[in-house]
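Structure incoming, see below.
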Amino acid sequence: MARRQIQVSIDRLRGHRDTPTPRAQKLPSDDRACPKCSSHYRSEEMRRNLNVCPACGHHFAVGGRERLQQLSDDGVYDELWTELRAADPLRFVDLQPYPKRVEAAEAKGASEALVCADARIGGRPCVIAVMDFAFLGGSMGSVVGEKFARACERAAERRVPFITVTASGGARMQEGVLALMQMAKTIVGFEALADAGVPSIVVLAHPTTGGVWASFSSIGDVTYAEPGALIAFSGPRVIEQTTREKLPDDFGMAERQLENGHVDAVVDRRQLAGRLARLMGILELPEAPPGSLALQLAQNGTERAARVAQALPHLSRRLRDRISRGDHPGGEGGRP
Amino acid sequence: MKPSGIGGRFRRITHRLGGAPDGDAGDIWKAIQLARHAERPYPLDYIQRLMPDFEELHGDRLRGDDHAIVAGIGRYHGQPVVVIGQQKGRDAEERVFRNFAMSGPGGYRKAMRVMALADKLGAPVITLIDTPGAFAGAEAEINGQGGAIATSMQTMMRLNVPTIAVVIGEGSSGGALALGIADRVVMLENSTYSVISPEGAAAILWRDAAKAQLAATAFKPTAANCYRWGVADAVVPEPEGGAHTDHDAAARLLDGYLSRTLRTLEAIPPGERRLQRRERFRRIGAHRELPTGGTAIVVGVDDGQSGRS
Amino acid sequence: MARRQIQVSIDRLRGHRDTPTPRAQKLPSDDRACPKCSSHYRSEEMRRNLNVCPACGHHFAVGGRERLQQLSDDGVYDELWTELRAADPLRFVDLQPYPKRVEAAEAKGASEALVCADARIGGRPCVIAVMDFAFLGGSMGSVVGEKFARACERAAERRVPFITVTASGGARMQEGVLALMQMAKTIVGFEALADAGVPSIVVLAHPTTGGVWASFSSIGDVTYAEPGALIAFSGPRVIEQTTREKLPDDFGMAERQLENGHVDAVVDRRQLAGRLARLMGILELPEAPPGSLALQLAQNGTERAARVAQALPHLSRRLRDRISRGDHPGGEGGRP
Amino acid sequence: MKPSGIGGRFRRITHRLGGAPDGDAGDIWKAIQLARHAERPYPLDYIQRLMPDFEELHGDRLRGDDHAIVAGIGRYHGQPVVVIGQQKGRDAEERVFRNFAMSGPGGYRKAMRVMALADKLGAPVITLIDTPGAFAGAEAEINGQGGAIATSMQTMMRLNVPTIAVVIGEGSSGGALALGIADRVVMLENSTYSVISPEGAAAILWRDAAKAQLAATAFKPTAANCYRWGVADAVVPEPEGGAHTDHDAAARLLDGYLSRTLRTLEAIPPGERRLQRRERFRRIGAHRELPTGGTAIVVGVDDGQSGRS
């Protein structure tokens, strides 16, 4: 398939690309300290290593657009639906009004907790939807649900794989029951993919919890997880509070969830784009739409019909000869 | 109206949504207390009144039988109907047995197994929702609580038979929504439907479990509000004073809605019904649109009518 | 539904009905001793109690035709396909030739390990297929598979429930891989029921093991088990030999399998016919075939179509009034 | 021929079945030893030769990942194809890791989950069968070993995509059949397919585990016999001396059969293919018919031709 240059100005997007993660923001300088091995790195150095600690492999958080850039060929992608923004249907106030929280999150550069784009990975076109934990904890409200569903529908229509990278604390509390309903909306999105026979590839980044784990992210066709990512419906603290259980340190971690049967592979971020490209190569539908092969072979339809009704041939004495010739009764299809 | 840009003021979308949500904290707290009333009818109370011939089915066909969810098939107005409900306990012992209607993955998998039976037989499915949420426990996580909820939603989205979900008490979190994907989602007058239980919300948002009442009212999770938001398709009245005052009357009122609605739904061809169900959930939500031109657009829960202004 | 008298001579069948179980045969006299409570009973007395110990409720084995008589209204049933008999495709010999084993089993009166019949239970017509443990351990060979598939197909065609009572050690070893294939054939039978939307009701009697548990008997629409019945793919002895595990006494018992999620109810044999009749009453399809109700209501098709496209009505201020009247926007179907 | 009544002599049905089963004990035992040869190619050996781009998938999405079964999707002759195989270990450590290719319910459920993916994508399914049987253990029973095998058969019976099951080594008991419901069931030249493992048969029928060789040969489980019985649709040749002598050559021979047969199967409309698959398994078996008239009728594995005499 010929590599097509995507025609899109990413100047504006690049401006947002380096949205630092909340953890990094707490550091006074441009430095980052690895919470696992305590090594210090410059942000730029870290970014070149895809926000993975070069010393110990710890996976830091990645912003939505940064992730898109990491995965897309030449860092080029075409972001979709940036015009969709949060509303305040409940007029919700907890420690502060919901609109204030949204304003503060938007001021950091991202427009919402889900960033969608057309992109190519390894030359293969796809639609990607990436959650941004920096935007209100990656929480899933109406905008996330709407964008997610649109992204699925777009992939289904174009018959290109749908890839999503999650990082979320769950439903966005401040949108109340409407946020809960977005879980259902993501299922609707996946139904569009199912109808079209288009694959869904889920990449679980740290953390993937609550309503996001209890909706689309647990039912992808193929599910990768980043090392050390927490993957759970109820987080360890909630469980410990509820049941007084003492949980192991690696509870709900990607590596455990692989053993538990909920993940297909734990994939290092530095291999992720390559793995996705390879996987899309495997999953790519044959150039010809289904049925054309059938048409091509329809000429032997009568022969086939005859074979269907055909009884077991009385060929036992010739069987051994034919086996040795690789020429079995029933022809290419074997016995009917 | 004034256009709003990034960081601009939010437009009020209440008109679009059929009125501002009822925000009276006292009224909301009363509904929450009624929804959780200890004498409120539970699924088996309705079932025994609506369908005396009912066969409860047990087990997820995998490794257990989760008592937080009751499921079975009963005779209802001359046809087999599958009922799946979240069952709280009436006394202390039963509450523990039912795990306070907080099911693990096995409960949802039991539900799915019975849904498959409904689809095979062509029997409608009625779910009765009443749970503070899915159970939060290590074993539940290992067994895939997330995937069980997601798959239950997916299964309900695909059912070929008519389906009605009724929130009969408190519907909280994904644990409620797992049984809430239906052609019609309705709420009893004093039921509530929310993204999280009041206690959970208080701990997370206010970082103070004692703020439950404050948290509960902030979500405004009443039937009337859910109706306004398009989350509920109808509100089923309860007897004066609440369903707990008269189980028989509550069952009769629910019966009226269910039997009429099943007739309506059965008139729709299965394929169309499935698409409408999808479309129903595809629509729900509230967001702003911000075109490059800078004009604000409000899209409400239902874009069948003009939402632009 | 009117009760129709089944026109069938059962004189010949009645001759077979009282086939004693192997355990009973070992007793020298007409007596039976209960292995659980050691009470002694005359066979006739036991039979009147459906081969359940009147003292302790222990469930003794029941022959195929005896079971049909117990379940059928007035003990009347119409047995099917008695002409199907075992063949010896492998020319199989273990401690004795397979045909000799079959001859010996047939000499006791049963024609095969599965007995099928048209019957009525509580006035409701059904097709029943009962396994007979006395015939070569209820083992499933080609005849069992063929009869089972025919019984399913018959129930599907007539749109009456299919009921099967199992009691089997598994596949019939002496028919080798052809016996194994009968597991698949029972799945084909169930597919016919699934296509027709006809319910399958499985009653697991002691023992239900091996290939019978690993095929149709574990996937019924509704599954009853008799008290104390062993239900397992691998029996306790095989497991103890394989894994050196020490198993509890009630391992694989019906009561445990209910807890394990594999059984819907443990039903005492003395309640079984009543439970089956009630269940069939619940499951009975409406008199009118599916779709007729749709036709009947198709007149409001235009109205319905309008409602589908209809937006949320702007009725908020009238909502409370309507709630109190039980008259909700959107009419009988609620909001579209 | 002489009619036979109840208790009468059995008629020989061998002609009907295309010749008597090969009964030479030495030949059979040799095939059994080759089928179990420690150097015989296992699923991953074939997969890496047939489809270098292969993504192994893990987990049953319920509670674990059974290593006795490998499953995944690979690129095969220009299209995605799902492969599911029973994987023995090559050395002692891997044998334990793979549990000697004896899977629990989770293995079959992993298989079903990947089959569902195949159906969604329209990818054909190839199963590679090589197991002494499903695992016999308490945990496996509690988790529904029986139901897992039955459901796997049912799932394969319903798949809309072309399916081929290949017995590559020893196919024993329901543990093998669970992956054996396909449009075409074929056996490698030196593979075996039997109702039970030789050791199991010896313990049960001869009550003497040492009688394994005797038991093994009594079942005559060779590919040629299975072909005669209609259990196998074709026999795929192995390299001279057996597949273990040349894995590359064995894979090439299998490749030839698979690629040709997939083309044939893809030419059949899905609905028809599913019905043919069902009919295939509906037919298999051998029994006598005994009409009231007393005339014996022999029905073989395939009643498409006259079986009456």
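Which chain is which? They are A, B, C and D, in the order written, and residues in each are numbered from 1.
The criterion applied here is as follows: a contact is a pair of C-beta atoms (placed from the backbone, for glycine too) under 8 Å apart; a residue touches a chain by one contact, two chains touch by 3 or more.
What you see is a predicted model; the values in this text were computed from it and never measured.
Engineer: Count how many hops through touching chains it takes, at the least, to reach subunit D starting from subunit A.
Structural biologist: 1
Engineer: Can you tell me the least number of steps between subunit A and subunit C, where a step is a move to a chain it touches?
Structural biologist: Steps on the shortest route: 2.
Engineer: How big is the gap, in whole Å, between where the Cα atoms of subunit C centre and where those of subunit D centre?
Structural biologist: 28
Engineer: How many angstrom lie between the centres of subunit B and subunit D, each centre taken as the mean Cα position?
Structural biologist: Averaging C-alpha atoms per chain gives centres 46 Å apart.
Engineer: How big is the gap, in whole Å, between where the Cα atoms of subunit B centre and where those of subunit C centre?
Structural biologist: Computed value for the inter-centroid distance: 36 Å.
Engineer: Out of subunit C, which residues touch more than one other chain, so two or more?
Structural biologist: 218-219, 260-262, in rising order.
Engineer: Hunt down the residues of subunit B that sit against at least two other chains at once, touch-wise.
Structural biologist: Touching at least two other chains: 17, 61-63, 142, 144, 147, 151, 301.
Engineer: What topology does the chain touch graph have (line, ring, star, complete, other)?
Structural biologist: The chain contacts form none of line, ring, star or complete graph.
Engineer: Spell out all pairs of chains that touch, sorted by label.
Structural biologist: So, checking each combination of chains, I get A-B, A-D, B-C, B-D, C-D as the touching pairs.
Engineer: Sort out for me which residues of subunit C touch subunit D in the complex.
Structural biologist: 82-95, 99, 102-103, 106-107, 111, 141-143, 145-146, 149, 171, 173, 175-185, 187-188, 190-191, 210-211, 213-219, 231-234, 238-239, 241-243, 245, 247, 251-252, 260-262
Engineer: Under the stated contact criterion, what part of subunit B meets subunit D in this complex?
Structural biologist: Residues in contact with subunit D: 61-63, 105, 142-144, 147, 151.
Engineer: Within their complex, state which residues of subunit C touch subunit B.
Structural biologist: 194, 197, 199, 218-219, 221-222, 258-265, 278-279, 281-286, 290, 293-294, 296-298, 300-301, 304, 308-317, 319-320, 323-324, 326, 328-336
Engineer: Residue numbers of subunit B touching subunit A in their complex, please.
Structural biologist: Listed in rising order, the residues are 6-7, 9-11, 13-14, 17, 20-21, 23, 134, 136-138, 140-142, 144-147, 149-151, 153-154, 157-158, 173-174, 176-178, 180-181, 193-196, 200-201, 203-206, 215, 218-221, 226, 229, 231, 278, 281-282, 284-292, 298, 301.
Engineer: Tell me, which parts of subunit D touch subunit A in their complex?
Structural biologist: Residues of subunit D touching subunit A: 17-19, 53-65, 73-75, 78-80, 106, 110, 117, 120-122, 184, 186, 189, 224, 227-228, 230, 232-237, 253, 256-257, 260-261, 263-269, 276, 300-305.
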